[in-house]
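What follows is one structure encoded as structure tokens, with my remarks underneath.
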Amino acid sequence: MRIRVVIPSITKEYKALGLEQYSPSARPGTEISVTLLDQGPASIESRYDETVATPDIVRKVVEAEKDGVDAVIIDCMADPGLDAAREMVSIPVVGPAETAMHFAAMLSHRFSVVTVLDRLAPLFDRHAAKMGLVERLASVRAVNIPVLELGDTERVVKALIEQSAKAVRVDGAHLIVFGCTGMVGLAGDVKKGLEDQGILDVPVIDPAILAVKIAEALVDTGLSHSKRTYPHPPEKEIVGY
Amino acid sequence: MRIRVVIPSITKEYKALGLEQYSPSARPGTEISVTLLDQGPASIESRYDETVATPDIVRKVVEAEKDGVDAVIIDCMADPGLDAAREMVSIPVVGPAETAMHFAAMLSHRFSVVTVLDRLAPLFDRHAAKMGLVERLASVRAVNIPVLELGDTERVVKALIEQSAKAVRVDGAHLIVFGCTGMVGLAGDVKKGLEDQGILDVPVIDPAILAVKIAEALVDTGLSHSKRTYPHPPEKEIVGY
Amino acid sequence: MRIRVVIPSITKEYKALGLEQYSPSARPGTEISVTLLDQGPASIESRYDETVATPDIVRKVVEAEKDGVDAVIIDCMADPGLDAAREMVSIPVVGPAETAMHFAAMLSHRFSVVTVLDRLAPLFDRHAAKMGLVERLASVRAVNIPVLELGDTERVVKALIEQSAKAVRVDGAHLIVFGCTGMVGLAGDVKKGLEDQGILDVPVIDPAILAVKIAEALVDTGLSHSKRTYPHPPEKEIVGY
Amino acid sequence: MRIRVVIPSITKEYKALGLEQYSPSARPGTEISVTLLDQGPASIESRYDETVATPDIVRKVVEAEKDGVDAVIIDCMADPGLDAAREMVSIPVVGPAETAMHFAAMLSHRFSVVTVLDRLAPLFDRHAAKMGLVERLASVRAVNIPVLELGDTERVVKALIEQSAKAVRVDGAHLIVFGCTGMVGLAGDVKKGLEDQGILDVPVIDPAILAVKIAEALVDTGLSHSKRTYPHPPEKEIVGY
Amino acid sequence: MRIRVVIPSITKEYKALGLEQYSPSARPGTEISVTLLDQGPASIESRYDETVATPDIVRKVVEAEKDGVDAVIIDCMADPGLDAAREMVSIPVVGPAETAMHFAAMLSHRFSVVTVLDRLAPLFDRHAAKMGLVERLASVRAVNIPVLELGDTERVVKALIEQSAKAVRVDGAHLIVFGCTGMVGLAGDVKKGLEDQGILDVPVIDPAILAVKIAEALVDTGLSHSKRTYPHPPEKEIVGY
Amino acid sequence: MRIRVVIPSITKEYKALGLEQYSPSARPGTEISVTLLDQGPASIESRYDETVATPDIVRKVVEAEKDGVDAVIIDCMADPGLDAAREMVSIPVVGPAETAMHFAAMLSHRFSVVTVLDRLAPLFDRHAAKMGLVERLASVRAVNIPVLELGDTERVVKALIEQSAKAVRVDGAHLIVFGCTGMVGLAGDVKKGLEDQGILDVPVIDPAILAVKIAEALVDTGLSHSKRTYPHPPEKEIVGY
């Protein structure tokens, strides 16, 4: 099985990094490939960033289908371009936020999202409302570290543990969801940090890793999005794309 | 007062047409200007069309603020780019769907949207969910005439009357909202058509016209969107926009 | 255009005061007239006050339509008698709470209402539930100054700033709505007070002023409430009214 | 125990009729008394009718408490004046719609209301929304017989059976609630009529009768409404009431 | 009238205790009988405890109907086996949580549940969601005393007062519902304790007592659950029950 | 990886059948084992059936964890015992209804469930309410074939196609979910049947197969339910289990 990860960023070094971070989560026989954007932002931290990332995200998803890959992951917790991409292709397109939040609801009574910046809190409220999970979202907290500084792992893990512990103790969360796919690979460290504080019973969802497993599951079952919900766009003149 | 209408289309003839259609609704002292997209689709009938329209919509809204206009209307019932545009400017940005649906809820117990194509029904369900109006939306019906054929006014009015009457009689609607700003100017004809069928008590909202009046109202009061909800995007490298 | 403001109070001095407060918000060509109640309470701060205000409110709205005015505003954040008045007339009847809360939802992710008395908090929860805005109402706070003492502007402004700042910082509000039309005209002072505290990005809605602009907008478009939702009451014997 | 039924009507003959209809449902030791309005409408079939009934309803509830009765029932499915009356007294005030709809939700998955006139459908939608029962209300149907003609029992029962059967078969109702307290005493006939059609498993709630039993239950337990929710109104000048 | 209380416990001493606690709430002519489980847990404090209590609860309800009793109360705030029992019988089966929470919603704007253990909080959130009362549930608090230690009345009352006062002052509750039927009989003491702290306006619902009154009310009216919602199970082979 | 399927039935022949039906969906390296109940019903078609199945379901899940299996599937669309089982173990316990309905919501705008008997419709409404998916559930339809007759594949497929087509055409479904795990393996035939009728764009979810893939995904990621939501039950005396 071949899965394509579309990283909605023009930041060149994310290509190798993405491959390195995603590959361990693929099961034997699953081949991960990574693509960046040619046009778009260095990172997505606003609705505007989404806007300028989305046309190329969709192009990369279409390209992936033409390349014969079996499923695509849009590597961002804003799930940018998810609906438009699904209109353009038939293969499964996985949004890490959509899958992570639905699984959080399946596995716990209430969960919190810990994301990069406070300004993104409304995004997760909107996600929750769209998914019917408003009552299940205990809180949205932020480490207040920009996406492009997530490479400073030690600082990020420390902040994630701190905010996750507050989410559990103050907001009543029973499970933590990372609010940025750039936090990929840190769930073990954060879980351990929580356990060191006596919080032994709180799972931590790494949405990037989960997205890979869900992509595999969908391909295995032959399921994809409903083309009645996401029909192909009508043909028309389009300039510049 | 100066109001800029951004028509999210590259179709050249829409510029004069838009000016002609919007100007009568402006009150004395309000000057309407119209701008098209340089890049983007001929019309918006899918999430993909939205995607390729949005970057230029935002650019045109930013340009409008620089031009010193007082408010902007994004002339499409998908409200494409509304959130991103609000991040980029401080002047009011009016989405015709947002205003029309909130006013429909204020003026009636239940309303229906009559739009161009069946495939757009989920869009209005999503709008309603986001606005908290799910219980107020009686139905979404379509005339099944593409945007680019809306110029055939006679056919459009006939179909609008037919679907509106069904919305009232079958779905229990108490008010009709046009589901495409390309239907601008037809509310009087549709209302009359309903009256000819004995439906005397059902208002018809023309979202394009209402958007002009709401833009005027916002400018009058000095109100605009909260910049705490729509903070300016962080500075970062962006390629191609 | 002529707009009638019905002040649901028997307090004589409110007539001149109301005219003074409302007139500046009218655009050129809009003539504001004000009427008080002959029967009813001095102010509305309870469901009981609403009850004894409402019959005369409706009578004054009917009178306004007979006088040929174009729209009516019921000058109270309880929107008392809004539904009954709409049954009796065809001209637009504007409820300041209804319009202010819908606009707050359009302009921000979450808003707070700052009203006169704590005892009115359930009123705004009920308003929000009826309008589908439960998730958007961050909190209801009160200055705990009775309506009849709102003339003490300095004290009121100070308390409004204090509670509004708490609504922003503690409750996460992105926008403030005044919870009493007796606070008319104070939005500028409160906004400035917030800015002095470093809160630069939070709009303040003055529902009385906004109601005037919405009345103008409705009259401009020819829109009014659906008579299918608000049909004229059946004829019957009524004693005492 | 003494229970006062406030019939929100000026129709003189309703006094004896009400006593006759309500008394059989009282248990031994419960004494029912009935009072009409001095001022107000002949019947309640609109928001306007509610408006002109409510001040006297509240007065009669206050009077009942002064008379030492133990609980009051407001004999109308609009529950007119329920909130205001609760502010004014400490004894339980029972709204037949509130109790009937909550019991309908306890006893069935989905229920329908069969009321007098189609124009009252939005009233029950509002009730359901306020009570959190939107998903449980299968439909609102009407016999389209005005309140003042409910004395024609044969016609009313026939129409109630017809609409109730449709509610079950077409709308999926599992239980029927009468939508007017003027239908008191007809549940047995309607249930039998449904059984004659093969619908054996659908309870019929007579809200007037149920209200008596709930009033008794509340008095038995010493429970009443929270005075924190319904505090006594502030003292102030009121003219005409 | 005969009412059977099914105590979902194998703890022998609960039989006499239950009779002693329930009997005073029965009105003259109502005879209370109490039955324990032959198989099941000593108390219900988890979903697992519910699971192993439910088969025998249902058996005891069926037995009660065969014994000719008029209504059954399942004496536990988890309402264990309520749905299954209703499938098996036609007489009313009353769940104390269902009735208490619906009455709390009728009598107050917002209420809190004070239960035995923190681990039961999700149970009451689920109850509220099922009943449509999510917005009405101010909080769930716990005294953190296991069911089997509720005999230590002094300690329990003290803890109930403490948590109830916090529910009022911190969480904004207007009414308190006991979250365990083992707290039966303590409402007076808790109400007095709140009054001693100056909280004079907050009712306290004792769900066990209320359940008796509602059972009486249902029997009086001849109402029971809809057999269309709760049809008798299909005949089939069942081993071990 | 080892996955245990707990079939909540005492019907002996389901063991071999279950193994035969589930095994093809396991990926290489996943070993499926199947266990039946020693005590309980032949099939689950009512709340009562659930009640008498659940104690043994939980016992079998506990046994599975002791046997060292990695995850458990409860093979029934009522998800019976899911919560109780999660309290007792730490390994993932997958409910086919929970996973299928969340995936249906991720993959489509609206979906329908086609189940065995009409009497189960409220079950799926309750599932949807608990999961926040009320607005996404287009309808629940039934083939009206009892579980124990599902072996008549031809008849079942024909009825599934018929009801699925109605769900799409009449109820507006964009995706079909089988409402009984006994329909395992028929998705391909039903999809083909829909295509033969011109319905080309509607996925069909086979919840049994999906459950296997989700169990694999959870084991792969090391995720399981939150033990803060599902803490181990307190120790206590339990008789008969």
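First chain written, first letter: the chains are A, B, C, D, E and F, and each begins at residue 1.
We adopt the following convention: contacts are C-beta pairs under 8 Å (C-beta built on N, C-alpha and C of every residue); 3 or more make two chains touch, one makes a residue touch a chain.
On a predicted model such as this, the values are computed, not experimentally measured, just so you know.
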| item | value |
| --- | --- |
| For subunit C and subunit F, chains touching each | A, B, D, E |
| Steps needed, at minimum, to go from subunit B to subunit F via contacts | 1 |
| A-E compared against D-E, more contacting pairs | D-E |
| Whole-Å gap between the CA centroids of subunit B and subunit D | 43 |
| Centre-to-centre distance between subunit D and subunit C (centres being mean Cα positions), rounded to whole Å | 31 |
| Per-residue multi-chain contacts in subunit D, two or more chains | 109, 122, 129, 134-135, 229, 231 |
| Chains touching one another, given as label pairs in label order | A-B, A-C, A-E, A-F, B-C, B-D, B-F, C-D, C-E, D-E, D-F, E-F |
| Complex contacts: residues of subunit D adjacent to subunit E | 25, 27, 98-99, 102-103, 105-110, 131-136, 168, 174-175, 200-203, 205-206, 209-210, 213-214, 216-218, 220-221, 223-229, 231 |
| Subunit A-touching residues of subunit B, taken from the complex the two chains share | 10-11, 37-43, 45-52, 54-56, 58, 81, 83-84, 87-88, 117, 119, 122, 126, 129-130, 146, 148, 229-231, 233-234, 236-241 |
| Subunit C-facing residues of subunit A, complex | 122, 125, 129, 134 |
| Subunit E residues within the subunit C interface of the complex | 109, 135 |
